Each structure stands twice: as C-alpha cells, then as structure tokens.
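Structures follow.
Shared between the two complexes below is chain A, which pairs with chain B and chain C, respectively.
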Partner chain A sequence: MRRVLKLSCLSIMTLLVVIPLLLLVALSFGKGYEFPRVLPAELSFESYKYLLYEHPRMLSITWRSIQLSSAVATLSVLLGMLAGKGLSGDFKGKKLIERLMLLPLLIPIVSVAMGLHIVFIKLHLANKFVGVLLIQTVIALPYAVLIFTDLYKLIGEKWFEQGDLYGAVGHKRFMYVTFPLLSEGIISAFGICFIVSFSQYFVTVLIGGGRIKTFATEMFPFMNGGDFMISSSFSVVFLVINVMMLLVMEVIVRSFVRRGYHSIER
Partner chain B sequence: MININGLTCYYNGLPMVKNVHMTIEKGEMVSLVGPSGCGKTTLLKAICGLHEEVDGSLVINGKDVVTIPSHKRSTIMVFQEYLLYPHLNVAENIAFGLKMRGMKRKERYEKVLPLIEKMGLSGLEKRYPGALSGGQKQRVALARALAVEPTVLLLDEPFSNLDERLREDMRRFVCDLQEELGITTIFVTHDIEEALMSSNRVVVMLDGIIQQIDSPELLYRKPVNRSVAKMLGSRTLLEGVFRQGQFHWQEHAVTIPAKNHASDMEGMACSAVIMPDAISFGTKEGSDLTGRVIKVVFGGSKYIVMIDVDNAHQEFYVLPPQHIEVGEIVGINIDWDSVVLVPNK
Partner chain C sequence: MKKTTKQMLYTMPAVIFIAGTILVGAFIAVIQSFGYFPEIGLKNWTTEYYRSVFSQPLLFHSFVYSFKTAFLSSVVGVGFGVVSSYLLVTYNKELNLYRRFLALPVAVPHIIVVVIVFNLFIRTGFVSRLLVGSGLLESFEQFPSLLFTDSGFGVIAVYFWKAFPYTIMVLYSVLRSIHHQYRPVSMNLGARNYQYFIHVVLPMAKPMILTTSIILFAFSFSAYEVPFLLGATVPKALPVQAYIDYTSPILENRPYAMAINVLMMVVAFVLIAVYDFVSSSVERRRNHA
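Up next, the complex of A and B:
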C-alpha cells in the first residue's frame, strides 16, 4: 500500500513538475520547437543571448528585482516572526487578528491592491520602489505568518524557558535560542516570500505605475506575445534565481547559527 | 536550604497549587509524586522562577526569591524532554549555561571536559543531539545543569522517556551523583516506586494540595488518608466507619490497635489499609470473612482478587502463590494488628 502511494506521488510529481520543467528547458534552447517532439529541431542560445546582451537593462532590472524581493522576503520574515510569536499563544481576539493577518490570502489580490493603491497615492507611495515593496510585503507576509505561527506552536515554550534558566535572556535569547530554533522556518519563509514577490506582476505594475520595472513585469509581455523561446528562457532564469536565493539564504542562516555561537568569546 | 511558606501558584487567576508549606534541607533529595495534572511541574516551575503567577514566600539559602528572575535564582530545571539544542554538539550543549554567563571559551572547556568524563560521555563531545540515545541525551541534559553549579537541581520526570532497564540504570546513576555532589534536588515523578527508591523524603501531591511529606518507609506504611493510600497502590482498602473503638465494615466490626489509627477518628468515615502480606485465603470455617471469588488477576508480585462479600464487590490485593478459582467460596483472614486506619478524604 505504502509502495503504491509512493509510486503514485512520484508519478504525479513527474507529470506535473519534472516533465514541464524539462519541457521548459528544452523550449528555451529550441528554435522551431513543435509538440510532441522531445527535443527541439535546432539547438539555439538565441533567447539567452537576447536576455543577457540585447534586452535593454535586463541585467540591472534582474538585479533590482532580486534586491526588491530580498527586501520583501526579509521584511516578511521579520514581521512574520513577531506575528507568529504573538499568534502562537492564547489571548482574547486571537482568531480575529489571525484572520485579519491572513486576509490577503483569502480575498482576491486585485481587491487588496486596488484598495491600497488609493491609500498609497494619498501617502505618496505610488509609483515608487518603497510602495511596491510594501504592497508585495502585504501579499507575502501571510505566508511567513503561517510558517512562524506553526513553528512557534511546534517548538513550544520549553526551549525558551530552558534558555532563560541558563541566562539566555534579551539579545542572547534571540541569538542563541530563538534564531537557531527558527532557522529552518526562516529559510522556508524567506524562500516562499521571495518567490511570491519575484512573481508579482499585477500589483507591481499597478503600484509601480509602470515606472518600477521588475523581472516579472519584463517577462509577462513575452508570455502574452506567444514567444515561447524567450518566455521559456525567462522562466528558466526565474527558476535559477529562486533556487540560488534559497541556497544563499540557507548558507547565510546556517553560518549565522554556527558563527553566532562561536562569535562572542570574551 | 529551601523554605516554602504558603506558596500558591495560579494559572489565569485560578489556583493550581495551593498553600504549600515545605522545608528542604541542603543536600536533600526530595521527590514530588502525584498523578498527571496535579500541579507537580507547576510547583517545580514556581521554584525556579518559570511560573511567575505566585503568592507566598519562597526562600532559598535565606533569600526570598519570589521576585527574582529565573536566571538569577541559581536553580536549574532539567525538563522531561531533555531539550538539548539541536544546533549545538554535546560539549557546546553542556557549556551553554557557562557561555551565557560570559565565561571564556578556554575556562568553559576546562570545566566541561571533566563533567563529560564523569557522565560517561567521553568520545561523544562532537556529536549532535540527533545522534544520541535517550540515556545519553539525559546525561548531557544533566551535565549541562551541573556545569553551572546550581544551588537547587530540579528534575521534571527525568526518567519517563527511557525504557525500563535504562530507567533503572539512570535512576541509580542520578542518585549516586546527587549523593556524591550533595546538591539539593527535587525530582518530580508519577511513579511511586521510583519516588520511594530515590529520595530521602517523598512529597505526595493531589489536586494541587500537598497531602503528605514523609520518609519513603513511613509514607509506605502509614499513608495519611485514603487518597494517598490509593495512590500508593497494591493494597486493599476497606471503606467503613470508626465507632466506639472499632472499625465497622458492612456487617463486621473489628478492633484495630490504637497505634494504627489517629485518636480523633471516632464517628469518622475511614478506610482500613491492608497490605498484601496481611491477607490470606482459607476455608470458610474460622475465617474473618467469607465470599465468592468473582475475578482473579495475576499481576506478577501480587494477585488482585475480586470477591463478593455480603453482596458487595471488594478488591483484595494478595501475595502469590494463590490457588483459588473463580466461583469458589473462600474464607478471608486478615491480620488486623497490621491494618492501618485512615480518614476518607
């Protein structure tokens, strides 16, 4: 029974994830690709050449997008940690606050963005980098909140209490107990929030007013235009950036956990 | 020395541990025993400062510590789940408290290494908690606690996650260590046998109230009330009334030696506590009681026999071997001189 279940999961994953990904890579390198051929008729690096050398400002836009999404993910992780800590306990009105925090996940993003757009115009945040950063954080934050609430519930109070007894209070508590215990969650939350931010097209165009260009805002017109080769190469680069960011974050967090313990040697 | 006076612990305004009065001498090993949820761990947490909703006074070595934060009390609690930090190896886990106190790396390891040896953890210094057995984790948790040289060591169900054999080994190890170091220790357990074997004194707690504080032997022989006797287990309890110097149970009345009951029990609802070795079965003739055997359960060191005596079902704890069958009419002989009477509260 377990074997059948395992095989079914593997088959579904292959069908829904692996095959489309391989197809995507093939499409990005294939000139004149036609379904159902497995490999493209002609191998070509044209699409990547276009992205790297011919597209005006593509590298700077990508770099800017990475900065924006990293900032969104970092902000979401920090706020998510605080909210998660608060929501993991029991208090009056917890359900209400929990639902409010998760609202962007439950109602259409168009409604959230349209409403906030008016607010942002009044606050002079529209058409600005910081406005896009904030709207993307609103969208990404619920994912971080969910991860940290569950993680805090799972960890419980005992680890922190144990730390308290040994003197891990204040910043020491954060550095030597909280951060290491939450490290897996920090990596996951950062990864998810980064992907959510990096993929935002509509809200970026709406709040950024077309002035703030990101990887997604550059990618979508090619997809709409039906240029499979370029949009596939965009997708591959998109995937590579996200995987790399996840790996970078993992290295940073793990080294912080290890170094954190060995750093203060008085 | 720990002096607890009228300590009450609240949870959301409701008293969970009520009016505790207790003195623990320096170097004493005291076990706190009671069923799950009776407030043992809450009391332990109140002593080390992790439970702050308290009333009353708690004096450790002459200093009232109720308002002092947990990390300044010199009390360390070892939790049931060991709680070894997964990102630190054995040596780092043991040195954790010393590091938090700002001790230099070299000094830390000078202190930790002998402890590692003492705890039988040599060779495991670099291992992470995930690669340790339950017993090894327990030793690391203990070493971490001992490294900071606490005045009071609090152990919360320290052996409950270990299997039977390891549990016995660890119990002996902890008792020997406690004796050697002379550290004042309070340990919580719900296993009465463990409590009796490990401590100088046993504190019995039920529903947040301390019922009895006595030496293991005295507690075992003379429980103060029916609830404590019931918790001690493996003994027959006959529920009756004490009138005119006699214990009345159903139609029967027997005289209990004055030393085995309190002087003010006249008219009181009480229970006769009968140890398994004070009961024997025989023929109907000349027996104290007779009844029909309904059920016989073999429990290793004892038999639990359900007998219908005068249309009332009563459980008797007796020693093996027993050769009785269900449905048999048996005579029950009780050595009333060894029976202790306790109030039914």
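Up next, the complex of A and C:
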C-alpha cells in the first residue's frame, strides 16, 4: 500500500514533466485545433513551413545564432578549465574568488547589464557581435567553472604525475593527459553553456541593440502571441538545435581523444 | 614560482572577466542611481531618485509581485523536489527511468517553459479543453484567467516547473549518501519512516536545501523574460519596470531605473550573505566532525 502510494506520487510528478513536453511536440505538428479539441485534428508540417518560408532570414539568423553560442560556450570552457584547475588547489584568497565566480548566478544580470551598457557603448562593443559574446560569456562562465572545479578535484594529482613520469610535457601533456581526462566535463560544460547562451533574450537585445538577432530574439514575439502551433514549433526547433549541438560536441571531443590515443600507439 | 601563486594565476582570466563586468556594471548602476550621470550632464549627487521611486505605491506593488512569484515558486518547487528525491532514493532500484524523465526540464530553457505554460493554462488551452471536454465546465468562459494577472500564476508555474527538477538533480546524490549511512542506524533506534525523514534526513540536508532555494529565488526574483511574457500589466515585475524606465526617451529618467536596479541588487546581496552564512556553517561543522 505504502509502495503504491509512493509510486503514484512519483508517477504524478513524472507526468507533470512529460505531458507538457509531449503536448508541445504534438501541437507543433498539428493542424485544426478548434476549441474543445484536446489534440489537433490532423498531422501537418504547416507551422514548420511557416518558420522556413515566412521568415526569409530565419535560416541565416539560426546559423549566426549557433555560431554565437558556440563561441560563448568555447570561451567559457577555456576560461572555466583554467579557473577550475586553479580552484581545485589551495591558495590565499581562494574563498573570495570562489564567491566571485558565483556572482553572476546570484546578482541580477538585468541590473548589471543596464549599468554596463554605457561602458559597452564607450568601448564600441554595443550593437556588435563581440559585445553580445562578452556579456553572454559572463552569464555562462560560472557553470563551466563549477563543473571543472569539481572535475579537477575528482581526478586529483595522480594522473598528471603519472603523465609527467612518462614524459608528457607541454602540448603533449594537454593532448594525451589533460584533454582525455577532462573530456566528459568539456562535453557537459559546452552543452550547458551553449543552452544558457542560446536562450538569452534580455542581454542580447540590450547590448546587441536589436541589431544582433538570435534565434531567441526572433522567436520571442511569438511566445505569448496566441498561435499554439507556431510558438510550439519554434520551441521544438530550439530544443532540437540544443540536443544536436550536444551530440556534435560529443562526437568531436570523442574523436579528438581517440586520435590522440592512436597517435600514441604509432 | 610558488605552486600556490600559480594556482591563483590560473583563475585570473575568469576573475578579470567576471569582476570586470559584474562589479563595473553594479558600480555604474549605483552611481547613476545617486544622480551621477555625467554623460547626460547630471553631476549632482542626490537621493531624490530613491525618495521619488520609493514613494510610489506602484513600486511597492511591483516589489511584492516579484517577491511573491519568486518566493512561492522556489518554496513549492524545492518542497516538491525534496519529497520526490527522497522517494527516488528510498525506491531507487527500478526508478532510474523516473529519474531520467524528471531531469528533462533542467535542459529546457525558461522561454520554452513559457510556451508550455501558455499551451496549458490560457483560457482556451489544454487544461480548459480537458475540463470542457469532460463536461466539468460548459465553456472556456468559466475557466479562470490565470495568465497575465496580478496573481502571478503563470510566472510561478514556469519557475516551479524548472525548480523541482533542478532540486532533484542537486539533492538526489546528497540524500542517497545520507540514506545509506543513517537509515540503518535510525531504524535500529526504532525511528518510524516519517520520524526518520523529519528528524534525520531534513536536518542533514538543510544546508543544501537552503542554498538551492536561494539560487532559485535569486534567479526568479530578477529575471526579465518570464514576467515580461506572462506577467500582469499592473503591477509589473521589478526587472520589467526597471527596463521600461531605462528605455524611456527622456534620459533623465534613467536614474529611476537604476534606483530599482540597486533595490534588486540589495536583495541579491542579502541572499548572498545568507548563502555565505549557510555554506560556511556547513564547512565549520564538517571541520569539527
């Protein structure tokens, strides 16, 4: 009896998550959603066609947006790897730096961005790709730092010492020791930072001055516009892009690691 | 070079990056809110903007609205999250599939969750259709307006849907290690299940629960997108109101926006202080043990 109760509690929670997601997909592929219908009358690609054809610049904006978020994620991973390496050890003032790294998660980014706007204008970073790249990296970076700090602590010193013993120094050390050990972290940090960047709206519009268009800024006006199908298909495309980027990154990192091992064998 | 210095140098690029943006941005917001804005010729330090902003009853309502939505969504979300992670831990064998599904919303960004909540709760949405279809309601006009109202339902629903899976993600492993260590001891001492949950699990997980709630609250208190899309026209959430003042064509209005921004940052700093206190008390306890 208790068991049944617990299982049904969990099932309800799971349904709370799954049903809305399934509904999102169903609506995006639907047509004919007159009021009392619970699900659309027929299967259709109409709303996807709308995204492609009614928005002539949609494809180029999406591509540009993927480039921007990949750049944000790459920069965050690089800075995060370094910071994680530093924070896994001990030094004076470490606590202060740890707190500082958490600041972007806790302080209102909206407020900081409005304060920063004038600095970006003076430095000619506003309304530019670089400016948006910088501000988005600030938001994504803490996630990368947290992941790499934990990972470095988990790995410990032993493998690096082992590598030193075998003469893996300089770029060889990075290629054959550091990179393979960190590969899981690189994949997940890149994925999280990409999603964080890809879903930014406010800072992109503020710092980009409306001139830097991303997938998120393009879909924003449709989000509460009343057309279930269009907003749902935007959302599905959004999620598919994020999942695909994660897979692409996984393939790239894995093949890089494998190539490293092959060259050792030779 | 000493090893510890080297360790610190590794963190410097990220430190410069974050300090250079966050601290500078916050600093400029503060000086502009006190009327120092030389770019448009305002050079007199004054508290006039604060006095005028705080004397508006509308701002008070905005504060209450933001606080209410952030507080309810994080408390209820974390509550659901704690209970479900406990259930997952106590029956962990065949429940991996549940855990997978419950992790999904963590990867779904807020603006997509806005679409999800809209699809479900707008007056002609999924829930209303279910109720009318099953004959519980006669028409959608009987379905209450839940979105775009000062109840904040839509905003709370979005943050809730994000909060409980996030809590599960953070808490699951913590609760599991507590469970493995202390469950046999508690049972041996004759605790019942609910006593074990209330007197052992909750107190031990309390610091994690608190820090998770703080992070969730801080985010939903100060994010722009969700209340802009699903919130009421009156009162507006604080970040939405701040941005309206910021984009006003009258540049002299900017300091009003900055006064609201500083208010939001003060709330954040209080939260950071609490976060710091909680996490350092955990470390102290760990050092004693």
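Observations on the structure shown:
Going forward, the second predicted complex is superposed on the first by the 240 of 266 C-alpha atoms of A that agree within 3 Å, B and C clash if a C-alpha of one lies under 4 Å from a C-alpha of the other, contacts with A are read in each partner's own complex, and residues count from 1 in each chain.
Throughout what follows, a residue touches a chain if its C-beta (ideal position, glycine included) is under 8 Å from a C-beta of that chain, and two chains touch if they have at least 3 such contacts.
Everything numeric in this text was worked out from a predicted model, so none of it was measured.
Taken together through their common chain A, the two structures put chain B and chain C side by side without a clash. In the superposition on chain A, A:103 makes contact with chain C only, while chain B stays out of contact range.
In the superposed model, A:169 lies in contact with chain B only, and not with chain C. Between chain B and chain C, C touches the greater number of residues of chain A. Of the two partner chains, neither chain B nor chain C is touched by A:58.
Once the two complexes are overlaid on the shared chain, A:177 sits against chain B while remaining clear of chain C. Taking the Cα centre of chain A as vertex, the centres of chain B and chain C in the superposed model span 90°, given to the nearest 10.
Judged by the touch definition given at the top, the superposed model places A:228 against chain C, while chain B stays out of reach.
Of the two partner chains placed around the shared chain by superposition, chain C is the only one that A:20 touches, whereas chain B remains out of contact. Taking every C-alpha of chain B against every C-alpha of chain C after the fit on chain A, the minimum distance is 10 Å.
Under the contact criterion defined above, no residue of chain A touches both chain B in one complex and chain C in the other.
Against chain A, the residues of chain C that register as touching in their complex are 3-5, 7-15, 17-19, 21-22, 24-30, 32, 39, 80, 83-84, 87-88, 90-91, 95, 98, 101-102, 104-105, 107-112, 114-120, 122, 124-126, 129-130, 132-133, 140, 147, 161, 164-165, 214-215, 218-219, 221-225, 229-230, 239, 242-243, 246, 257-258, 261-262, 264-265, 268-269, 271-272, 275-276. Taken in their complex, chain A has these residues touching chain C: 3, 6-7, 9-11, 13-14, 16-18, 20-21, 23-24, 27, 35-38, 79-80, 82-83, 85-87, 89-94, 97, 99-101, 103-116, 118-119, 134-135, 137-138, 141-142, 145, 195-196, 198-199, 201-202, 216, 219-220, 223-224, 226, 228, 231-232, 234-235, 238-239, 242.
Residue ranges on chain A touching chain B, taken from their complex, read 158-159, 161-169, 172, 176-177, 180-181, 183, 257-258, 261, 265-266. Contact residues on chain B toward chain A in their complex (touch as defined above): 45, 48-50, 69-71, 75-77, 79, 81, 83, 85-88, 92, 96-97, 99-102, 104-105, 144, 148.
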